[in-house]
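To start, I am sharing the structure in question, which I have written as structure tokens.
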Amino acid sequence: MSSSFGINIKYSIFGQSHGNAIGVLIDKFPVGEQIDFEELNKFLSRRKPGQSDLTTKRNEADEPIFLSGLNEQNITCGAPLCAMIKNHDTRSQDYANIYDTPRPGHADYTAWLKYKGHADLRGGGHFSGRLTAPLCIAGGIALQILKRREIFISAKLIEAGGAKDALMFQTIRDAAAKGDSVGGVVECVIDYPEKFAGLGEPMFDNLESQLAKVLFGVPAVKGVEFGAGFGAAKLRGSQNNDEFRIDDNGKIHTLTNNSGGILGGITNGMPIIFRTAFKPTPSISIPQKTVSLSEKKDAEILIHGRHDPCVALRAIPVIEAVAACVMLDLISIS
Amino acid sequence: MSSSFGINIKYSIFGQSHGNAIGVLIDKFPVGEQIDFEELNKFLSRRKPGQSDLTTKRNEADEPIFLSGLNEQNITCGAPLCAMIKNHDTRSQDYANIYDTPRPGHADYTAWLKYKGHADLRGGGHFSGRLTAPLCIAGGIALQILKRREIFISAKLIEAGGAKDALMFQTIRDAAAKGDSVGGVVECVIDYPEKFAGLGEPMFDNLESQLAKVLFGVPAVKGVEFGAGFGAAKLRGSQNNDEFRIDDNGKIHTLTNNSGGILGGITNGMPIIFRTAFKPTPSISIPQKTVSLSEKKDAEILIHGRHDPCVALRAIPVIEAVAACVMLDLISIS
Amino acid sequence: MSSSFGINIKYSIFGQSHGNAIGVLIDKFPVGEQIDFEELNKFLSRRKPGQSDLTTKRNEADEPIFLSGLNEQNITCGAPLCAMIKNHDTRSQDYANIYDTPRPGHADYTAWLKYKGHADLRGGGHFSGRLTAPLCIAGGIALQILKRREIFISAKLIEAGGAKDALMFQTIRDAAAKGDSVGGVVECVIDYPEKFAGLGEPMFDNLESQLAKVLFGVPAVKGVEFGAGFGAAKLRGSQNNDEFRIDDNGKIHTLTNNSGGILGGITNGMPIIFRTAFKPTPSISIPQKTVSLSEKKDAEILIHGRHDPCVALRAIPVIEAVAACVMLDLISIS
Amino acid sequence: MSSSFGINIKYSIFGQSHGNAIGVLIDKFPVGEQIDFEELNKFLSRRKPGQSDLTTKRNEADEPIFLSGLNEQNITCGAPLCAMIKNHDTRSQDYANIYDTPRPGHADYTAWLKYKGHADLRGGGHFSGRLTAPLCIAGGIALQILKRREIFISAKLIEAGGAKDALMFQTIRDAAAKGDSVGGVVECVIDYPEKFAGLGEPMFDNLESQLAKVLFGVPAVKGVEFGAGFGAAKLRGSQNNDEFRIDDNGKIHTLTNNSGGILGGITNGMPIIFRTAFKPTPSISIPQKTVSLSEKKDAEILIHGRHDPCVALRAIPVIEAVAACVMLDLISIS
């Protein structure tokens, strides 16, 4: 099931950027959980386009409609939960030319290789960043459920176009002004009560594997690291090992957290820390070299339409959503 | 199934470092494939301990015994293939103390959190790097099958302890001399014929997700990146986008390969490139701070026994094995 | 994933009888298949209530709305296909009492055991026979795709309330007149071209296992048998074995078909035959003994509302749908 | 994964009848469970051939060797459990002719259709009834674990060759005397404490679906029914519905048990009852018509070697094993 993830809970994403609707189906969600719609919409609005001068102008209401999974009191009832968002502001004609001249950095060419003429490439189709909206519906609800269990998740942009702190926003604006875009790195921290130390499974269902699998399913992600990550490769064991200590209350902790809270794929009680690298938004307003698939010759493309100067910026709540979905899944496994 | 991976083909790893045997069960492997045992053993010997002054002295014959899956001509017959390696050189007493004083950087503490007193921690148990041996059996066979389809996979160490090229081996020796260890980065390249362009699935079963999931299941891995990876986060779209061109034979290629051959999670015909960051071997011959779980107080541990100064070095064939298993799985999906 | 089935193609059913909508999500459906909506609606109408004096009066338009998975030409595009049916004719008040006094033969009591007060029991909730409507959307499309590959599926009622042929319809009417209901047996035959002989997997993914798993997911099913089925248990090997013969064209067939076209779980070229036993519709208009869950004492219930006198009758297209979904899945596995 | 089953726990069977070994790999088995080897061997001996005049003479020690999953105290440790049985008494030459002239009622022909010349057909290969031995290892351990939770499982032969009670054993002997075989029906009852009422999942992971899926993976099974089963199809709703009553202790029960303890796929507190129909052993000592695959013409076959006159008889512990594996899986799902 290519558009699904999760071990106990199954999250399945559907939709194409310019189809009738996008949505998510969640099977084996916890039962008896009230959904706070206001809080959910607030979370979704963080991902929404058109929120600031740093994001695309596409205007989508992005109001989730719940089709199933709730009882009359809007409490999860054990049946699979399905929620969708209707697509309104679709401009298919914007994408007419990409069927022949694939956009560099996009999935147009590989979708054509795989699905041939049948692919729905409008706005990236099923490969579009817009598909992160239903992921955020699932994640937004998961965040509410986790909060009730005192698990807190928070992500932030720590780098954009090579710059950090205040400078990185200037870097985004500079790129945008030139019709260009920049990449970025999002860091996420998960804090959890001591009772969730020991969470995760050995080997390929471990917490790092599960998070990485879903993160690389988010469009534009090209790297994932935990704790010291690639930096750990530069260290010695005596530097990188997190030594254990016990406090007066008998709580065990580590003096450093190079492991990012994960040893052998299982939580050790320290905060979980991971970073995700996003490539620059491939859609830019600068002419680019491509090929004509029909004429089998070199061509040029100028991408019209709306796009974000830094996809990493809008991806912050998406990363939180991924972390929430995976954490909720793991605590649901017996 | 926590110790399994694969979408169509299922690879399941079993065993504990100092149990009776370690092994692999492979379901839905391609039928009609002859296994070249000599070539397989040659591949396995690359991972074997005791091969040089840079690796641990533990001496394991590591001869795979095939229990099922082959017909009388040693050709895969459609039944699940099971192969095991018996554990001989086990020294359980070396690990007696780790049940109480968990080793920093190892899974001892988290295994104890999860499995309590029942965990088999000897030599890392099911979390041991030794479990990569059966992974290499699967991968070694997969490499043979892929080679027949002209898919070639090759990994190498590109960085150790922050050093590159010849210097990195000196860095490893320096650390070893001090009873310390270093981390490292392994780069892997997958080359494939044009007909396998378009390989992979959308979203969470995409090639990057599948590779990352398995790579993070390899002990000591803390980071994975594709193509320009974390470097892409520093670039502008106009720099990072790989522009398309077509050659005289009608073959489409990209002028750069920042995507690492993967767009939208699907192969675009260019070589697949990814890098894996390994933390330093956590076992070092230097006293470390830890805690006594029984006495609930601070303690110290000095790890005896055998260990590698740079686990990334021995992991090179493991990375090739992972890449081979995942590629064979993907080309087996209809 | 409890409400899903399929090995390569994943079919996931969602919705509750009296929720907002019911629907199906299909991942990895074949690409490039045109959907004939008229033919699909004709198929769906066979399952629809209110078609004759033998079925319930509930009136549902049951028009599927396609949310995703099709391109602008209504051809499957590779993205997951989602279709839903809105629930209109819901009368929640009809079901107010069943939360306290569970209906005999229904899942009210077991849903309450599992989900406690959070269950949505209205009309059976997620356990309702109404959930077979989205199953029929998936199956109706699968039937179209299979027909293009010359695989034909046909089911019929062969027994009701112990009676056969014309008499069985009279038996249904008799029961209905008394506010009672009857069980029934549906037989299904799958005919396929020679090239699909050899279809299926060994052991637990075999064709019988896959069909049985899905069939027992259809409400009211209590038995499944293939070929001679329970009758085979009464035979001798010399009677039950289907002997092989070869015709002038080199086509191999069996002289009898007690195996129902399946040997070792794999098709042998002969028609696939299976029978499904349905219990009588549990909703009857006769007072029944039950208990009050709140008062913890014996009680009585008289079920109002609409129901079918023989659920097996309306299940005929459902059985065809199940067979089609499973067959399409199996021919999609490499 | 065709030779696996289970939702939370994964049971994977491997081996061919006349290969090196047969075995089972179990992932996510409960942790901290002591294995009573004596009791396990006693259970396995019930399935073993050569136990009476009613079973085949093949003599296999069938001693399970545990490769992984246990700690030094033979307690399950959380790592995947692998156990194997070596094949000793193999007589490959007995099966030389079946590669060309497939045995009626066996999987020889369909295995050839699927795997062509690569199939290992000796003694049925991976399709052999011998593969139920590792299933019984898993089931035997599961039975021990379930017993500790007061879940008891018991199966018996209730019909053979159409006869019941004492007569059925005579029927088996009669058939055996003529070199023939008979089919049979095995009934299984699962008794469990009240706290496991409410066990199972909705739709396709329901208890009936899970049991049926695995049961149809057992060689020679052609029918499965729960409670009144096919008999329910002959009843009226007023007869078949199990009415509820409550006793003085507040325990709810049903007055009849036509549902076999399962409503909506979920346990209702009453004993679980199901019946499995086995076809007659296809191997008989009577000449049968078949075809020569190489010469493409009609042929005859006389099967030498060892076989059971009634496979249902030896399948009794296999049915208990299946029930135990599935029940343990279900109670392990959160």
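For clarity, chains are labelled A, B, C and D in written order, and residue numbers in each chain start from 1.
Here is the rule we go by: a residue touches a chain if its C-beta (ideal position, glycine included) is under 8 Å from a C-beta of that chain, and two chains touch if they have at least 3 such contacts.
Treat the numbers as computed from the prediction; the structure is a model and nothing was measured.
Comparing the CA-atom centres of all chains against that of chain C, the greatest distance is found for B.
Rounded to whole angstrom, the centroid-to-centroid distance between chain C and chain D, based on C-alpha atoms, equals 26 Å. Mean C-alpha positions place chain A and chain C at a centre distance of 37 Å.
Contacts with at least two other chains are made by residues 1-4, 13, 28, 78-79, 111, 114, 126, 201-202 of chain A. Chain contact topology: the protein chains form a complete graph, every chain touching every other one.
Residues of chain B that touch chain D in their complex: 1-4, 10, 12-16, 19-23, 25, 27-28, 31-32, 65-72, 75-82, 84, 92, 111, 114-116, 118-120, 122, 125-126. Put simply, chain A touches chain B in their complex at residues 1-5, 13, 102, 104-107, 109-111, 113-114, 126-127, 131, 159-162, 175, 180-185, 197-206, 208-210, 212-217, 219, 221-230, 232-246, 250, 252, 254-255, 258-260, 262-269, 277-284, 286, 288-291, 296-298, 312.
Put simply, chain A touches chain D in their complex at residues 8, 28, 78-79, 201-202, 332-334.
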